[in-house]
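What follows is subunit A paired twice: with subunit B in the first complex and subunit C in the second.
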Partner chain A sequence: MRRYFDSLKIFWGTALAIQLEYQFNALVELIAMFGSLAGSIFVLSLFFSNGNQLGGWSWEAALTVQGIYTLFDGITNTFLRPNLGAIVNYVREGTLDYVLLKPVDSQFWLSVRTFSPTGLPEIFLGFFLMTWASFSAGANITVGLFFIVAFMLICGLIILYSIWFLIASTTIWFVKTWNATEVLRALLASGRFPVSVYPSSLRFIFTFILPVAFLTTVPAEVLLGNSPTSMISSSLLVAIIFFVLSRLFWLFALRHYTSASS
Partner chain B sequence: MKLAGLSYQVARSLLSTQYAYMLEYRAEIALWALSGLLPFIMLSLWSNTQAGLDLGFKGFELSRYFLSAFLVRQFSVVWVVYAFEEDALLGRLSPYLLQPLHPLWRYAASHLAEQATRFPFALCIAGIFFVINPGAFWLPSLWILLLTWLATLMSFTISFLLQSLIAALCFWNEKASALERLLFVPYLFLSGLLAPISSFPPEVRKWSSLTPFPYLIDFPARVLSGLNVDVLGGFCIQILWICILLPLVIVLWRLGVRKYTAMGA
Partner chain C sequence: MIFPDTVIDVDRLTKTYRVADKDPGLVGTFKHFLARKTCDICAVKEVSFSIKAGEMVGFLGANGAGKTTTLKMLCGLICPTSGYVKVAGFSPKSRQSEFLRQITLVMGQKQQLIWDLPPLDSLKLNAAVYGIGPRESRYRINELADMLEIGEELTRPVRKLSLGQRMKAELLASLLHRPSVLFLDEPTLGLDVNAQAKVRAFLSEYNRRTGATVLLTSHYMADITVLCPRVLLIDQGKIFHDGQLDALVESLSPNRQVRLELNQDVSPEAFEAYGELKDCENRVVRLLIPRHQLTEAVTKLLANFDVIDLEVNDQPIDELIGTIFRAGKVK
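Showing the complex of A and B:
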């Protein structure tokens, strides 16, 4: 366990050092992040023009969903994309061999090897938006509720990670489709809006097949007091299913790994 | 006759080699096509809410608008800054600069070849859309198709020039592709990909019409879907933007090449 902790410290220390070399990029990313959030809120506001409601969601409630989406988008940009998006390069160049030979678990190494500090402000901003919007929506936030929502967000994170990892590990077979994660990103963007606004067929997909609902809508509903806190168990169940699936799939994929040029 | 090193023979062989190359990557290109599904997600939202009904689209006009937006986006995607950055970093740019052919022609050819490869996939996705949503089917006249093709080509040209401008900045800073993010954000929200421009508040609509973005997706999509649109005015503004951007790209590129020292020098 100690070894994992020490590795993590070295991984993230070097990642930070690399980023400090590119301070101009960090500034550009920061501006782009604010622009992107402003744009998202602008598009959301279009649905509320002329005093309309969005599928029974008030403006503040929909902003809570937007905040949680921003939080997860920040996590994606900080941790998931730099790490899981790189797996295909290891497969293509054959350097995955070295990863497999290391005395730490390969899934651990591939998942936390680096991080991109420029995504961190987005995580804070998302958290702030979620908290502020839910207070404005009149949510009655107790200590107990806070912990329940935090736990559900962690479940959401595990689901998000597992889906990303599942897609990223398919590159063991299909090296050419390195951009499969881009399709996933496009589909996950649907989490910006409450799932109840979509037509029933899409709602089914976003709940049971690609569980976007458990990432943003369900935690928001619980936070706003519109859903029973017992939803925590379904979040946990989905998280466990997806995590076990990603782990098993990785072990299965490794059995098919033949290294580059062989 | 040659235009910055481009003659008919050069153009033909560039396009055919790039097309053969792109065909090798058809699986990737199919996935890129799929990653453009955002307009359909937005369509399902707009068609399911009161705000969507308030837009004043009749019948299947909204479905047609978003399908058209999807198609226009498919044929105006530009990635020149990424290709250029990689070539500059890996030193491939140096031999390109020695050739009489302007390197931007090479990138333009690879974009056009990629669009040709993408064409069947985009048609497939449109076909699936009509199977799910048969009422929305329409067959634009030949005249409309011609106008759409022209408007999309212009939209592609504007995006290509905008990104080439950023690519030229790579001569000064090898990580200039980060600036592309600053271009993509207003593009995403103001081009009409997520919401028709007519849904914007009047103030925003006025200001956004001063930028090239609404003419990249909204204008060609309106032409294709047969919505009410000022065709002549739209084309004039597209040409205006090309006339503004083209000299800028040429000048900045010349200055940049003078600055260029090749990697490792």
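Showing the complex of A and C:
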């Protein structure tokens, strides 16, 4: 366990060092970071100007969903995309061989090998927005509720990660899966709004097939006191199912790995 | 850890790949997209051999002969279609942590070093992954760096290093965890003669010091002649020679290649008495002369012609292998 922790420290240390190796690039990244933040705020401002009800949600409540979405988007940009988006390169260039030969879990390596600070401000913005909007919507937030919601958000993150990793694993056969991950991202963008704004067929998909509902809507409902805290068990269940699926699928995929020829 | 005497044991190992078969051109592309034709290609066919602890074995074969596929099955990177493999007492395909700590794979064509950072960062990463403490890893890095004769290169970004320096750093990174079984896939690829010789000297020294078992593939005959008393020759997925290198060279190539640079114009016919004439242009002559006649023939050549330069060496390995394949000696 300690070995994994030490590895993680070095992983992120080197990731940061690589970012800083090219000074100009680091500057561009910094500008991009603020650009992306401005983009998020712009979308939010559109939302503010449209102060009506949305699928039975007051706009403060809907804004809570938006805040959680922004939080996830930040985590995606910081951790998920730099790592899971790079899996295709590992496979195509054959450097996955080196990962597989290390006495460390390959899924661990591929999932946390690097990070990009670009999404960090978005994480803070999302957190701030979620807290502020839920207070404005009149939520009665206790310490207990705070921890429950935090736990549900972690479950949501695990669900998001697992779906993404599942899709990225198909790289082992198809080598190029850029399109698949883009479609996935578009779908997850639907988490920007409460599930109830969508038609019932989509609602079904978002709840049971691609459980986007568990990423944003359900934690928001619990935070606002509209859903019982017992929803935490559903969140946990879905997270466990998807994580186990991603794990099994990865192990299955590796049995079919043929390695890029030299 | 004490090994049983046999470190690598392979019995009737086979790997078949399913590959797509595509006709060229737009029509072919559409056909390929709509109805994919596939065929099974047997990359490795019922290969059997065993290697004892501390042996250095050369693995020879033309491109696509199945060398890399075999190496990757021995490392556990790809699953065999059938057959039995044991490496250091483990079944490679389950890739247990204990197994991975015993082996290493060096590929001349790929790199594990982080391109933008100095090798030292990659070494630290490997040390952490293998659970080697900072003091111990510093000691090991110094020891290996001494043997490899690199020092300050370790703190320069990898992208600024020459190919030779990079290969040395790759070797250092691959050996930090002190593996006892080394799989080397063309470790000297693209290096100049000097750098090749240094890598060779290092590998030989490493083998002597640690008693590690080495399985090496290379296109350069010199790598094999210097390092490996025993060779496995593979073609089209089958091993057709397993034994001493000398015996192989003798049977493959009873000839030595003599290259002469002359100070006079001589017609090619004049050389036919000395051996088989390979080519002759711009006063440079290449002859193949049977080994047992070599001394005599060279003495005569030097006496009869105005020779500026003379070089004697083995035929290049690819040419040699090509000769034997064309001769149809492969079963």
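To be clear about the criterion, the second predicted complex is superposed on the first by the 228 of 262 C-alpha atoms of A that agree within 3 Å, B and C clash if a C-alpha of one lies under 4 Å from a C-alpha of the other, contacts with A are read in each partner's own complex, and residues count from 1 in each chain.
One rule holds for everything that comes next: a contact is a pair of C-beta atoms (placed from the backbone, for glycine too) under 8 Å apart; a residue touches a chain by one contact, two chains touch by 3 or more.
Values in this document were obtained by computation on a predicted structure and should not be read as measured data.
Asker: Can A:Val112 be said to touch subunit B (first), subunit C (second), both, or neither?
Answerer: A:Val112 contacts neither subunit B nor subunit C.
Asker: With both complexes overlaid on chain A, does A:Ala86 touch subunit B (first), subunit C (second), both or neither?
Answerer: neither
Asker: With both structures superposed, pick whichever of subunit B and subunit C touches the larger number of subunit A residues.
Answerer: B
Asker: So, A:Arg3: does it touch subunit B (first), subunit C (second), both, or neither?
Answerer: Second partner only.
Asker: Give one of first, second, both or neither to describe whether A:Leu100 is in contact with subunit B, with subunit C, with both, or with none.
Answerer: So A:Leu100 only meets subunit C here.
Asker: Touching A:Leu210 in the superposition: subunit B (first), subunit C (second), both, neither?
Answerer: neither
Asker: For subunit A, which residues lie in the overlap of the subunit B contacts and the subunit C contacts?
Answerer: In the superposed arrangement, which is not itself an observed complex, subunit A uses residues 22 for both subunit B and subunit C.
Asker: Going by the contact rule at the top, pick out the subunit A residues touching subunit C in the complex.
Answerer: Per the touch definition, subunit A meets subunit C at residues 2-3, 6-7, 9-11, 14, 17-18, 21-22, 93-95, 97-98, 100-104, 255, 257-259, 261-262.
Asker: Note which residues of subunit C are touching subunit A in the complex, please.
Answerer: 17, 68, 72, 75-79, 95, 97-98, 100-101, 103-105, 107-112, 114, 116-117, 121-122, 124-126, 128-131, 157, 185-186
Asker: Could you please specify the touching residues of subunit B with respect to subunit A in the complex?
Answerer: Spelled out, the residues of subunit B in touch with subunit A are 25, 27-28, 31-32, 34-38, 41, 44-45, 47-51, 54, 173, 175, 178-179, 181-182, 184-186, 188-189, 194-195, 199-201, 204.
Asker: Under the stated contact criterion, what part of subunit A meets subunit B in this complex?
Answerer: Interface residues on subunit A, with respect to subunit B: 22, 24-25, 28-29, 31-32, 35-36, 39-40, 42-43, 46-50, 52-55, 174, 176-180, 182-183, 185-187, 189-190, 193, 197-199, 202.
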